[in-house]
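Below are two complexes that have subunit A in common, paired first with subunit B and then with subunit C.
Showing the complex of A and B:
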């Protein structure tokens, strides 16, 4: 026992000022940073897809299916960090069986299941149904069975059935937009409703989460579209790329305005917690918030996109700059999640001290596991793209 | 035919609901740790803390760790004692008092010291508990006699309750990987005993009892003192009340 206590002393992070003794261990680690990051990408990618179907943004048609598959790949992995972070993952089913209805977290299972089953899988099925039938006829191997099963043994390829598909997709997308808002707004609510934590407790939290989600989703699909098209040795559709960049530009501005409003509001109200939160921002979060999230993740990409608009740069330079911008934005959004989740646990609820976070390298909630969880969605996406190519035979379907 | 099917279906549904309800009731029952003959409806517990009586000896912390098998390290406490030194220039120095270290750690008042005092801390057993509200599986609950408990067999270890507690009263027990906190020594009080910390306090700085009973020592404490609670603006309605509480204490 004595040695355990001794080892503990070395493991405990550095603190300044006074913290409550039970606060020495950070309850939510790196994995809980990954969770809102992944769900944000899901919601953002879906919103991008819905721009095509509901708002009829024709230029974005080339990335419609890619966005849907991206949303699905990331949604499938999103609950993993939560599960791995539980003290008792084997009891996680209790959230479904005996949910506590006053708990924001208890709603997770239902929001997730609704989004996966009712929105994403249905929309993808209707989008691919007719091709699945066509593909199954052209195949001879195992893939024939796979496509038959995926099409749920549907055989109707008539024009009427295709018309029904289109109508269904439209309806699902219309239901899907509020659902995507719900999915990520809800994640924001989990943090925003914790009144004990002044860094989190804000009515703006779900909305800030939502817009940062849209930013990250569009940036991710732009990145994937550029990389995948180059890998396939095809030409990048510049009208599509410019349109995505344009939406991204406005989304970043909205996201920044909301976060700035939150910042100004806190500063102006200057409540009891303002002193410790200022110390938090100036010391612990200076690099991850000031430099990565705001400077590299917002100002530089915004500058790049303004530059592109003003200078009317040529295609190659535009591609290069877009590519740099979306990577910076992605980095910035990851930092945003870090600043919320880890930042919110770096100050004591006594408002008298700051903690530090040292991520473990190994273990179930360490740095390596985080990397695995960030790579996994891309592996799932690769499989999805192999089975459901988002670009093959684009002429065969007149959508 | 239609009606018969409807009746049959309704009956099945009712039966299923009954079974489910039974399961929930059984689960609730298993969570209770009350001995036979104890009537929870006749009690509603609270604690009073007289700050001016606390000498910072840390006996309560020791007794709590011993009684409740709390990890013997410096990062897990069901109760702890803070020492405040308020200085002339407005500075406030707060430290946790280590059990058994009294005397060696005694602050030396100098000309800059305005006032010093000790503050025992523990779970505030809120009447409007944020931890109970956020628990996704209902593992944290309020008993009929007003105590907030954790069912270690049900807790999934998500730590949301630790985040929701404004007082830092909760921790993840490294032995069970479940949330843990002060129970007012529920296993003792339901047998008519006092919580361990109250039992060992040499100066009777901690007073325990029934809030409603006019004869309890707690009733006298509440009658004789001006009371305050921690972080009242959060509307958690703590059942741990302090007398002589300084405004610097959070």
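Showing the complex of A and C:
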């Protein structure tokens, strides 16, 4: 109690205008920024993968498996920020065993379990089943056992079984697309449905979240594809890269239009919150929203991609520019999450004052932990790639 | 039946087994969890049982009176009359049963600031201080008797007890109006604020003195009080300590 009071003394001078006493401290910290960021990447990466299987975009075949593994790696880490933020990650299994069926927040558990077990793991299993059998035959040591277990001791490598795998993958992907929408749409819904908060409360929220998710997912897989291919000293498949970039281009345009629509809508409606929201945007969020999210995260990448299209640049330059663009987009989407989560807690419900947010450095929900959580998915991905190489190996080009 | 299973692709059978295993494990775990964790009603009953089984540490507000009659008499006269002894002395059931066990007495400043440190959410008039500037480096009990705290002298300014209001008025168009323009206050209000109440304006004609179109007072905005918000008291729409209107966005939000 006493520390809370001291925190008040420390935080109060940083506010401007009038705020309610319980608003000085922000309940949702940096980790809650990381959570929608990670889930967004999952949904985006999965939708990229589904372009190959459902919409038959042949050019993207080289990144199909990579995007599945990326989605899995990030999905495995996605609940961690929430559990850490709650303060007792070691008790999290209790949430899963005694779920609260009437809580919108608890729905994440179900959406997550459905998406992990019924969509991602199944699709990956069917994708790799035949290879796992082949690989297990080529291995001697522990890996043999690992591959046997991963294939669930499957033995059938016949052409018939492969045909069934393909059919199954198609069905799962078709179920998977709405599931991916659900996964991130849900995250948007959680914010959009807070009717007391005018910065969040908007029916557009789930859709805006979804498109920014697609943007971030495609950008991430593009980034990974370029880095990994270079590390493996192989040639980047330019057809694939150009195709991803063009999807990225359209997704960014859609995302931008939606956010712009939301903006116009708010301006025109001009509800009683509009004054404080414009204060918020012009003061507290000017850098993260105006500069990072909109300028660096949207306009510059869009400009780059228009440039590439118009000037028909050569390969090397194109690669370089794509690389810059996807990094900027990643930065922009992270800023988007920040602006939603932190921004939504920066103004008083009295609409007459602004609060300030200072992230802690250490602790279970501090800055360092945030860095750890952002690096962790890449470590998981490295392990996944080691165990389940996503590239077409010469001996497995059968399909 | 077996024929049906034979005809299923082996992949489906294997995945099916994994899902079955998973569902069985979860169902088993659910089944193992005691009902008191799954059912709201049972959960509450179990909690009540668990809590009532705990050892009692507090003797209660009346337990001390018996042996500490004088202190209690002092306390009932003072501002701390509504505080239980154990609020400050901590759980003292053991002491009440056996006086050889000493009761704790915490004299540090923090023991008082947990109630008296400035916090805008505390109710109007609650005595609050800023411990950083209020006689630092001395213990509160050096100047205030804990069982009957009285400020060594009666505060002169309304601000001493109504800090929030005073600070609000400070940045409002009403900054130049002293509190006593609108409140008739007996001196005794500053000594026993709850017994001797301050007066609050009772009707619209009060504000009209300065704001009605026919008011002689210069330099105020005028309204026709016959038509302006006619059914309501002025302060149902304008907070009298910060009638904000034109000041909004310039004075309150730098």
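Methods note: the second predicted complex is superposed on the first by the 366 of 399 C-alpha atoms of A that agree within 3 Å, B and C clash if a C-alpha of one lies under 4 Å from a C-alpha of the other, contacts with A are read in each partner's own complex, and residues count from 1 in each chain.
We take it that a contact is a pair of C-beta atoms (placed from the backbone, for glycine too) under 8 Å apart; a residue touches a chain by one contact, two chains touch by 3 or more.
All of these numbers come straight from a predicted model, not from anything done at the bench.
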| item | value |
| --- | --- |
| Touched partner set for A:86, first subunit B, second subunit C, both or neither | first |
| Which superposed partner A:233 touches (first subunit B, second subunit C, both, neither) | neither |
| Touching partner for A:58 - first (subunit B), second (subunit C), both, neither | neither |
| Touching partner for A:386 - first (subunit B), second (subunit C), both, neither | neither |
| Which of subunit B and subunit C A:194 touches, first, second, both or neither | first |
| Residues of subunit A touched, compared between subunit B and subunit C (which is higher) | B |
| Touched partner set for A:16, first subunit B, second subunit C, both or neither | second |
| Subunit B versus subunit C as contact partner of A:117, first or second or both or neither | second |
| Touching both subunit C and subunit B, counted on subunit A across the two superposed complexes | 1, 5, 8-9, 18, 20-22, 98, 352 |
| Contact set on subunit C toward subunit A in their complex | 9-11, 14-15, 17-19, 22, 26, 29-30, 33, 37-38, 110, 113-114, 117, 119-121, 132, 248-249, 252-254 |
| Interfacial residue positions of subunit A with respect to subunit C in the complex | 1-2, 5, 8-9, 16-18, 20-22, 97-98, 117, 122, 125-126, 129, 152-156, 160-161, 164-165, 168, 275, 279, 352-354 |
| Subunit B to subunit A touching residues, read off their complex | 24, 27, 72-77, 80, 82, 92-96, 121, 130, 132-138, 154-160, 162-172, 176-178, 234, 250 |
| Contact set on subunit A toward subunit B in their complex | 1, 4-5, 8-9, 12, 18-25, 27-28, 82, 85-89, 91-92, 94-95, 98-100, 102-106, 108, 190, 194-197, 345, 348-352 |
